[in-house]
Amino acid sequence: MAINVKHLAKLVQMSVTPKEEKKLAAGFKQILKTISLLNQLNTSKVSSTFQVTGLENIFRPDKIDKKRVLTQKQALSNAKKTHQGYFVVPAIFK
Amino acid sequence: MAQFKPIIGMEVHVELKTKSKMFCGCPAHHFQIKPNTHTCPVCLGLPGALPVPNKKAIDWTIILGLALNCTVNQQSKFDRKHYFYPDLPKGYQISQYDEPFSQKGYLTLDSGKKINITRVHLEEDTAKLIHKTIKAKDVSLVDFNRSGVPLMEIVSEPDLASGVETKEYLKKLRDIIRALKISDCDMEKGSMRLEVNLSLAKKGQSNYKVEVKNLNSFRFVDQAINYEIKRQTTLLEKGITPKQETRGYNPKLKKTFTQRSKEEAQDYRYFPEPDIPPMVFTDKDIAVLKSQLPELPETKIQKLATKHHLPVPTARLLVSQPTNYQYFIKALPSAKKHQINPQKLANLIINKKIDITQKASTQLQSLTQKKTIDKAIIKQVITQNPDVVKKFKVGKTSVLGFLVGQVMKQTKGQADPQVTRKLLLEKLSVKK
Amino acid sequence: MKLNQLTISQAIKGLKTKRLSSVDLTQACLDQIKKTNEYLNSFLTLNPQAIAEARTADRQIAASTKNFQKYPLLGIPYALKDNFLTTGLRTTASAKVLHDYIPQYDATVYSRLKKAGAVLLGKTNLDAWAHGSSTETSDYGTSRNPWNLNHTPGGSSGGSAAAVSAHQSIFAIGSETAGSIRGPACWCGVTGFKPTYGRVSRYGVIAMASSTDSPGPITKDVYDSALVTQVIAGHDPFDATSSPLPVDINPSKLSRYKKLKGIKIALPKEYLVKEMGKPTSQLIKQAVKKLQSLGADIDQVSLLDPHYSIGVYTIIQRSEVSSNLARYDGIRYGHPRTAFKHEAKNRVMLGAFTLSTGYYDQYYNKAQQVRTLVINQFNQLFKKYHLLIGPISPGPALKVGASQDNPMFGELVDMLAEPSSIAGLTGLSLPCGFVNHLPIGLQITGPQFAEQKVLEVGHIYQQNTDFQQFPDTNYGSI
């Protein structure tokens, strides 16, 4: 089974040159082969573990945490483009 | 025209009015706040930030599920929903996929029709985008104050059949949410957002679905639905299946229009949120939340039917107007005293035979008082009070009130005071 | 002995008795960095406040030596892997996408070290986004192994491990997703400790695989590992996966036993992989003999072949990576996604594939099911045994360039760390000998929250061996 690298690149919004595409495709083929080893193991009666902590019901109370709130200046401090307190991006048409 | 049956479902998003955001301690209110002043590493999606869920938002979501007769899932979790958009700081939205807090509920319309609720789940809101032109360039401005605000999503089954039904469904849903005090459901402020899914079919299900977004009022929902029914009918009659797409609504033109259609279905790559442990709710937890439910419209209706023997349609009418309902409850003791049964009382209120801004007792009294009064009683009162009669005859007309009072006493308040007065005057002017 | 060659406990003794000052200590480290960083490329950014922080420490030491109780790492200079956020000090994850990112908040680990009085020397190099096991995928060039500049220091915490091995810092902080602390510690001949997942807060650590990422110390010996872990571990309300259990790591109790009598240790025979060379195998056998001579009961057991864990780890890690890198869109910080380099593309795309509609069940879900098998096996094992030992790497440090054209290089190198990482266990890597003048390490792994026991056994092993050695770093004259 060949992975559609172009489609994936679009899905994750990354750019690939044709050369890269070729290299990635070959790499994925190899990786999928290694991963397919897992099919040797019978997991039909096994549940999935998504979290290893065993924790449940971790919440926070509905309180305002002033200490972590950033100032507008801090929030914008690493943006390439800002305007009157906003982040700026090329126009999005809804 | 009646060939094609409308199949309508509603997706409603409601902003919860918690103090803090869904996954961080930033203030949740964002209306008319300076941009990007209510953010933190978490809701701004900074590298390394982690979400911790707001317990109150979860409780409120479950409470609404209970109010909508849903089953609360005893095991629940958050999931990541991936897509790229400037208003989504992490490139994924923390939402719920296959284990939402509540499922399979219903909301009953006045006609008695049950609109099934597929699910009620919780997610985080996105940032706000504003479109502007700066130095001749079209740009979008992003404000993350709204990013991370708790957002409840209520999805209905496609059980609605018209614009009118949909409006009623929305109104009832909004009334319940407001009664629970978990959101203002203010469409102007954006704390309630609507999305209609609509298709038509002759029988059973359709093979396509049209989504209409950006509807800013219940009235527009009704209008948009009516427009869509016409538009889709026209296409279907020509043998054309309407395009599966998302449309917007123009209230000025009263038309829906195609929005930029997506080329292919989104692959959200849902998977369980690894940063948030799963949630487990015991029967006790759910019972505690259930006990926090205030009396809901449906409960009121049921009570009126069972306790006061009101026919359900009457009960619904009464409950749909909270002021009428409250007046009814308050007036019940008076009604009993005046031997007026609850159904009669309800009808009097509904038919506006009673002024609900005025006290009940006097109004009810006069309504039940007999217009014919036993002449013997009039005679008796005059005979029993010679001194008072003498006083009246010499010109002290004010004592008439006393005699009226005596008649009232004898008739146990049943006598109509105006008629009593008239009869007494008649009798007294005759007698010497 | 030069001041920068001290361990934490030696330095604290010196500071307490006023034989040395934090400024002296810090300056010695900075001098060593100046002398050797061009060869090692271990540091990316130096902390301009380092000497000022050292001065503050000296003031507090002068005020009262009781201050060491309040600030357990007072005046000790250290290196921090550049995927930990430091307010006002550039943090890049060794990726050009974050080339000029100046964080607006501190990682919890960093703020706890600050509170403990430690002095930040600077941020160290890593594989970009921690995607690798050699630092060769760093967008700022690979780091080099202090033992042999032609070899890599391992990764992804290669810069941190090299810094400790070359005495550029007294200790360092790394992070491990699977092998990223223990691997480079092994290849650089220093001590790497991976606490239980959830033992140390991930808040402020640039996420790689959310379900396995574990911050931890890289130090010159096990005692120092305990000192640092005690400071950084503990519940964090900002990290919902951090453990609410109280921290029971106690450095002073490490020497409570002199021998290992009564300690039952398992040696999984499947960990003696076919990729392992004979010399490495010999060293592991010697380590086993040593532990036995100290009283430990060591049995060979059978566990799931670690080659299966490669598949599990690759899928889970790449899936979570693809998600965790979605926030880098260049809008609020950083450069656009066009700045991502090959390895990041490799991992993000594969990870998106394993999560995508139609493939989720056979990949991501399947991996999580096999994960359950691995966890269950460990649970069974630790019912009978206190700990597990074995090699942590099939061989010593590879040459620079060995990773090229291998799309799974990182995951293959870390094979022996992956099972314990996907199960969220705790473990040490400590030096146990040399192969071709390059260090080799032994793993001592325990069940969740068995940090104290792991550290005790490691400490006893180190007290009875002499493998904590450090290279000659006169690179200019070599």
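To keep things simple, chains are lettered A, B and C as they appear, and every chain counts its residues starting from 1.
By our rule, a contact is a pair of C-beta atoms (placed from the backbone, for glycine too) under 8 Å apart; a residue touches a chain by one contact, two chains touch by 3 or more.
Computed from a predicted model, the values in this text were never measured in an experiment.
Chemist: If you tally the C-beta contacts for B-C and for A-C, which one comes out higher?
Modeler: Here the pair linked by more C-beta pairs in contact is A-C.
Chemist: Just grab the chain with the largest centre-to-centre distance to subunit C, centres being mean Cα coordinates.
Modeler: B
Chemist: Report the chain ID whose CA centroid sits closest to the centroid of the full protein CA set.
Modeler: A
Chemist: Quick check: how many Å separate the C-alpha centres of subunit A and subunit B?
Modeler: 39
Chemist: Round to the nearest whole Å and give the separation of the Cα centres of subunit B and subunit C.
Modeler: Computed value for the inter-centroid distance: 56 Å.
Chemist: Once you find the CA centre of subunit A and the CA centre of subunit C, what distance in Å lies between them?
Modeler: The answer is 24 Å.
Chemist: Going by the contact rule already set, what residues in subunit B reach two or more other chains?
Modeler: Counting only residues that touch two or more other chains, subunit B contributes 40-41, 44, 52-53, 84, 86, 142, 144, 267, 269, 271, 274, 276-277.
Chemist: Send over the residues of subunit C in touch with two or more other chains.
Modeler: 101, 104-105, 211, 237, 240-241, 322, 326, 329, 331-333, 352, 356
Chemist: For subunit A, give me the residues that contact two or more of the other chains.
Modeler: Residues 11, 13, 50-51, 53, 55, 58, 60, 68, 70, 75, 87, 89 of subunit A each touch two or more of the other chains.
Chemist: Okay, in this complex, where on subunit C does subunit A touch?
Modeler: Touching subunit A from subunit C are residues 100-102, 104-105, 197-198, 211-212, 237, 240-241, 243-244, 307-308, 310-312, 314-315, 322, 326, 329-334, 337-338, 340, 342, 344-346, 348-350, 352-353, 356, 363, 365-373, 375, 407-408, 422-424, 448.
Chemist: Quick check on the complex: what are the subunit B residues that touch subunit A?
Modeler: On the subunit B side, the touching residues are 18-20, 24-27, 34-42, 44, 52-58, 84-86, 129-132, 134, 137-144, 214, 248, 259-260, 267, 269, 271-272, 274, 276-280.
Chemist: Mind pulling up the subunit A residues that touch subunit C in the complex?
Modeler: 3, 5, 8-9, 11-16, 20, 23-24, 26-28, 30-31, 34-41, 43, 46-53, 55, 58, 60, 68, 70, 74-75, 77-80, 87, 89
Chemist: Please name which positions on subunit C make contact with subunit B in the complex.
Modeler: 83-85, 91, 93, 98, 101, 103-105, 107, 202-207, 210-211, 237-241, 319-320, 322-323, 325-329, 331-333, 352, 355-357, 360, 364
Chemist: Any idea which subunit B residues touch subunit C in the complex?
Modeler: Residues 40-41, 44-53, 80, 82, 84, 86, 89-92, 142, 144, 267, 269-271, 274-277 of subunit B touch subunit C in their complex.
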